[in-house]
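Scrolling down, you'll hit the structures one after another.
One chain, chain A, appears in both complexes that follow, with chain B as partner in the first and chain C in the second.
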Partner chain A sequence: MIEMILKRAGTGVLIVLFATTSIFFLAHGIGDPAVATLGPNASPARLQGFREQHGLDQPLLTRYGSYVGAAATGDLGRSFRDGQPVASVIATRLPRTLLLMSMAMSLQLLIGLTLGILAALRRNTWFDTGFMGVAFLGISVPTFVSGPIFLMVFAFLLGWFPIGGYGVSPLDHVGHALLPALTMAIVGASMDARIMRSEMIDTLGADYVRTAKAKGLSPARVVLAHAARNALLPIVTLIGLQLPNLVAGAIITETIFAWPGMGRLVIESITSLDIPVILGVVVVTAVAVQLGNGFADVAVALLDPRVRRGR
Partner chain B sequence: MRSTRRSESVAGLVGLGALAFAALLVAVALPDAPEAPRYVGAGSETPRRGGTLVFHHEGDVRGFDPHIAFDELSNIGIKLVYEGLIDYDRDTLELVPRLAEAVPEPSGDGRTYRFRLRPNLRFADDVVFCPQPARATAPCPGRALTAQDVRWSLERMLHPETGSPGVTFYELIEGVEPYRAGQASHVAGLRVLDERTIEIRLARPDQTFLFAMAMTFAYPVAREAYAFHGAEVRRNPVGTGAYRLERWEPGVEVHFTRNASFFIEGEPHIDRMVFVLNLDRRAAVMRFRNGEIDHIHRQTPADYRLLMSYPAWAPYREEHPKTNIWGLGMNCEMAPFDDRHMRRAVAFALNTARWSRARAGRLMLTGQPIPATLPGFDPDLPGAHRFDLSRAREEMRLAGYPNGYPEPLTLTMSDGETARFYGELIQQDLRAIGIEIEIRQVSFPIWLQQTGTRRTVLMALQGWNMDYPDASNFLDILFHSRSIHETESENKAFYANPEVDRLLDEARVERDRARRLSLYREASRIIVDDAPWGFAFSDKAMEMWQPYVRNFRPHPVWSSFFRDVWLDLPRRRATEADFPSRAVPALLPFGRRP
Partner chain C sequence: MRRAGFVGIGLGLLGLGLPAFDVTLVVRDVDWLPIGGLIVLCLGILAYWEGRRAGRSGLALADPRAWRRFSKNRGAVAGGVLVVAVMLVGFVGPMLAPHPPDRIFDEGLSEDGTPAGPSAHMMLGADSIGRDELSRLLYGGRVSLGVALGAVAIAGLLGFGAGLVSGYFRGLADRGLMALVDFVLSLPFLLVAIALNRVIENPALWTLCLLLGLLSWTTLARVTRAKTLQVRELEYVQAARALGATHARILLRHVLPNVLGPAIVIATTMIASMIIVESAMSFLGLGVKPPTASWGSMLRDGQEYLQYAPRLILLPGALIVATVFGFNLLGEGLRDALDPKE
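Right after this comes the complex of A and B.
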């Protein structure tokens, strides 16, 4: 188990380093950040001052070395746009995105797993066909289509949710996150429901479930403790794989719903060529995705002794 | 396998059925979107105090340090917290006094200006005025603003360590160069005569100087705030404006509260301002129509058309041209645009009326370099560019290409859908006179870099937004040969005409306003004749406000400017009597919101 975690951590570090390096060189090739930040009215002396202040007059490889060295100690530099430490900019935005993503993930699992189990239990009934049809629809409609429609219908016309934004108090934040989280959850929930249904159908027909029934266990215990636990394995792996999609979904959803998190930050920083913030977001996102995948791997190992023992 | 496929097909069909059913439900059960304001005012006709005004912008603010921030959104907050010595009048764009008692007249040689502050000006209350700011739990009374503060603020802005983007506007003050080089501890041209008087001496006469003094870079700030907060003053501004910054949640909202010691008795009328940030413009319009936001200034084309079609909103919207200019810039140093006839052919071939139609009429068409909102604009300027195909063909003939230009020309555009849209319009227009265009789209930073580099970009869609409301801010920067550099050139058409240079230099020092404007008109006429740009349009903006927001009129320079505005409170839910229902009945007779 420890060996597996160490291997996973090593791969994760390499992936983060590769992502950061690629984006570092790509971002510096887009254009002159001095002009992008100060605008066309800035005098040549001011532009030169900006370049010197941010080390942009240094050779690219020297800059790369300094960046990686500083990043390794937790110093992600300062934003070109407003001079704030990138770490503090991200520290403000990250919790907001984590709140949105955790609510989206919770809703996704709640809806997806419940519908998957119910559909498997009522296999080949109208309920099953109907819900799987809706799940099919959920997969087919991307967030950038469903988001504006939900905003228009549920927030503006029906007034059930706030019309975008973040709110001012913790409870308010949760209230504002509901509709965007639901929008993000739908695609994942539809996928989870379909997989959970087929896994449950397989598991419900297995010998050990028949044995559990024969031993007189209650139907709920048979379904939840025996069948669902084993059917969950591929879902846990899937959650790890869905994390990058969730991050990408957050960028779109945050833009549609004016949620001031990492997704909006990345769009704002790309638009203004704020390279330190772009890189900071890449580093933090890559680390988060690697951690998420790592946790999913460990969770699978804990659920499945065969994985744990390396079989 | 077959049964799985069949089951998936059935599931798909059920899904489609569910979608159709849901769409039907939506159509039947949803209430109509409101076409009239939801709330109206109490009906008072005299200004009253109180209330909260909520307004919106799509982006984020960078900070509230007036020496550093120079973007539209930051300036909105800066205008609330700080006040200038002078300002631009909303109706005439003439300079009017604010903290100063009067707009100063230049001395006989045109180089010296003496500003006298009003009596009893005070900074807003803040912890920085407490004996021990770090331990203060409540704001202490703000101290008096003096001429020393004005000098300290200007010197702080001019200091190289501040890194102010506004320095270029004030370099003509005597002694700025040695001060910035570290050879002098003060700027020699800034002299404090007494507690309320400061004299500013210029190295040479310049009629644009007072416009620069009305820019936010010249606003007096409290030095105690810089001593206590350092660079973090951007989050903790202390000024003499109508409001104090109360709370700033980055990327979300900024709250301002009334400054009780504001120098104008009884102002401001509104107790609190809430600046909603980063909301998508579609969401902002929805909130506005729900009565959650009191003022909006930008809409998607679809929302714009809808809102323009609702008669009940007509008294509460105003569409106005912005003080900017857009056109097709042609590089006068590169063939074939080193030939004036070629440039004129292009300028007359641009069918800008068609562009405007394609943009839902949101363009104010023009054919000259001075925007229509500025003094110096001449509605009857001879030769102003207007679409004229026969004239364009004649110019092609004079350029030696009666049958069209033999090879394709490259048009460099920045990225984005709008740029591509204009690129394609230009491509179609120029095809009519036998010029084939290849569109090349690059990122905005690359676009800025390349268009500013000599002999690099042949043609590009150019635009310029005003820094201050004077013709010099357009003509000097875009068309004076002094603005040509090897790289980072502001004159991106690389246009040089000694006669235009002479007229612009003369206008810069001319004290007679009428003569000054006639010099700019003459320069405009020559520029239009030489056609370094095919002048096309200024953008239009539509601002909307709720019926209970009273006395609001858009300002041609400042965005979201609420001076003199008051709220007619308490607001109440609108009734059928306020706004009679629409003439065309809804498709379905039920499901209406009460």
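Right after this comes the complex of A and C.
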């Protein structure tokens, strides 16, 4: 078990390094950040000053070495645009996005798993075909289509939710996050519902479920403790794999709902070619995705004794 | 007649490729190219049909039972119809467009600056700066579809090739390629795509295709590899090897036709996801360059007038959903038809 975790962590570190390195060289190799930040009309002296200030006059490999060295200690450099330390900018933005993501993930699982289990229990009824049809359509509705429509219907027309922004108090933040989180949850919930349904149909037909029924356990206990628990395994893996989707969802949803988190930061920094911030966001996102995937792998191992004991 | 089947597939791909080529290589607005593409596509289907009728094309795709399963599946047929319709709109649409897509009309904006509603002159009204919405939708479809098809073509060649090599030769090539797949798969796709698209110096539609293709070949490589590993152990491949056939011959004649089925299923659903990615990038303003219309960039423009002109987000949104839904249905139907076990 510990060996597995260590191996997984090793791969994770390698992947984060790979992502950072490729983005570093691509970002620095193409275009001139000084011109991109100060504009094409800046005087040569100002451009030179900018390059010296940010160490852009050094050879690329030296810069890469010092970047990785500093990043390992938590120093991600300073923004080209406003000189703020990248690490502290991310420290303010990250919790907001994590709030959004955790709400989206909870909604997604709540909706997806409930519908999946109910559809499997009412297999081939109108409930099953109806909701699975809706779920299949749901996969095809991207966040940038559902987001503006939700905003129009639920915020502008009905006035049930705030029109966007972050709010002022913690409770207010949650209220502002509801509609964006729902937007982000739709695609994932549709996927989860479909997979949960087919997994449940498999486990409901398994021998151990028949045994559990024969023992006289209550139907709820058979369904939840025996069938659903085993059907959850692929879902846990899927959640790990869906993390990059959630990142993409956050980038789009935060733009639509003016939520000042990491997603907005991504767009702001990429639009203005603020390379230190772009790099910082990529590093933090890669680490987060690796952590999420790693946790999913470990969770599967904990839930499934066959995986835990090495097949 | 086996050859007719292959010729058919070749012509079909060429037919799909020509319109994509037209859009992405900035041979833009050469109207005969999409039409030529459609004609070649039809010829390809005919040739393929002929090969299939002879029943000896040796391709899993040509299995009459698979086609029977496909045509009995209502969802799959609906998906196919939807895809054909969208393709027609994308490839022939620009010819039907009443106005140039980038032209700004004075009467497009009403006195208070909001977009003008539908009229005889502009059937679906104007967009946020007074361009004809219908014309932009018709042109935008070609851009969205062209970029998606181009990206999938690149990803298809790379992923299918890598999967075949990886699964057939195994060993070092396999380990290297699969490590690369793991790395690329672990990148946050959209984040990397918009960052790279921003740093490309002279972005064009073909660089966008290349970028998306290079980031998305991995799933196809994995699936093709798994299937190749299975097929290479089958008796007829061993028989061919015993007869002294070269690797190239075994790969092309014996392995390739039998791993093509799953690859086509993946490629179909990939078109759907590439349409989503391109639209997402353009929606964020980091995809195709203005004033080029794509469904995603139109959605972005429409957001400003959410309250006054909801049609500006509903129309491109509905087209994106219909297209993605169509390709997803088609992919699902093909999966059921080609691989009834799963």
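Keep this in mind: the second predicted complex is superposed on the first by the 308 of 311 C-alpha atoms of A that agree within 3 Å, B and C clash if a C-alpha of one lies under 4 Å from a C-alpha of the other, contacts with A are read in each partner's own complex, and residues count from 1 in each chain.
The working rule: a residue touches a chain if its C-beta (ideal position, glycine included) is under 8 Å from a C-beta of that chain, and two chains touch if they have at least 3 such contacts.
In this text, all values refer to a predicted model and were calculated from it rather than measured experimentally.
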Report clash or fit for the pair chain B and chain C bound to chain A in the combined superposed model.
clash
Once the structures are superposed on A, label A:L26 by its partner contacts, choosing first (chain B), second (chain C), both or neither.
second
Which superposed partner A:V281 touches (first chain B, second chain C, both, neither):
second
Is A:L273 contacted by the first partner chain B, the second partner chain C, both or neither?
both
Between chain B and chain C, whom does A:R93 touch in the aligned arrangement: first, second, both, or neither?
first
Chain A residues in contact: does chain B have more, or chain C?
B
For A:I2, using the defined touch cut-off, is the partner it touches chain B, chain C, both, or neither? Pick first, second, both or neither.
neither
Touch test for A:V145: chain B only (first), chain C only (second), both, or neither?
second
Which partner does A:V35 reach: the first (chain B), the second (chain C), both, or neither?
first
I'd like to know which partner A:A248 touches here: chain B for first, chain C for second, both or neither.
second
Using the superposition on chain A described above, determine whether A:A220 touches chain B (first), chain C (second), both, or neither.
neither
So chain A touches chain B in one structure and chain C in the other; where do those two contact lists coincide?
30-31, 136-137, 140, 148, 151-152, 156, 255-256, 273
Which part of chain A faces chain C closely enough to touch in the complex?
11, 15, 18-19, 23, 26-27, 30-31, 136-137, 139-145, 148-149, 151-152, 156, 244, 247-248, 251-252, 255-256, 266-267, 270-271, 273, 278, 281-282, 285-286, 289-290, 293
Give the list of chain B residues in touch with chain A in this complex.
7-8, 10-19, 26, 30-31, 33, 59-60, 62-63, 160, 163, 165, 167-168, 231, 234, 249-253, 276-280, 282-283, 286-287, 289-290, 292, 443-446, 448-449, 452, 467, 477, 485, 487-488, 490
Quick one: which bits of chain A touch chain B in the complex? Just the residue numbers, please.
30-33, 35-36, 38-44, 46-47, 49-50, 53, 81-83, 92-93, 124, 129-130, 132-137, 140, 148, 151-153, 155-159, 163-166, 168, 255-258, 260, 264-265, 268, 273
Inside the complex, what are the residues of chain C that reach chain A?
182-183, 186-192, 194-196, 198-201, 272, 276, 279-280, 283-286, 296, 299, 302-303, 306-307, 310, 313-314, 317, 320-321, 324-325, 328-329, 332
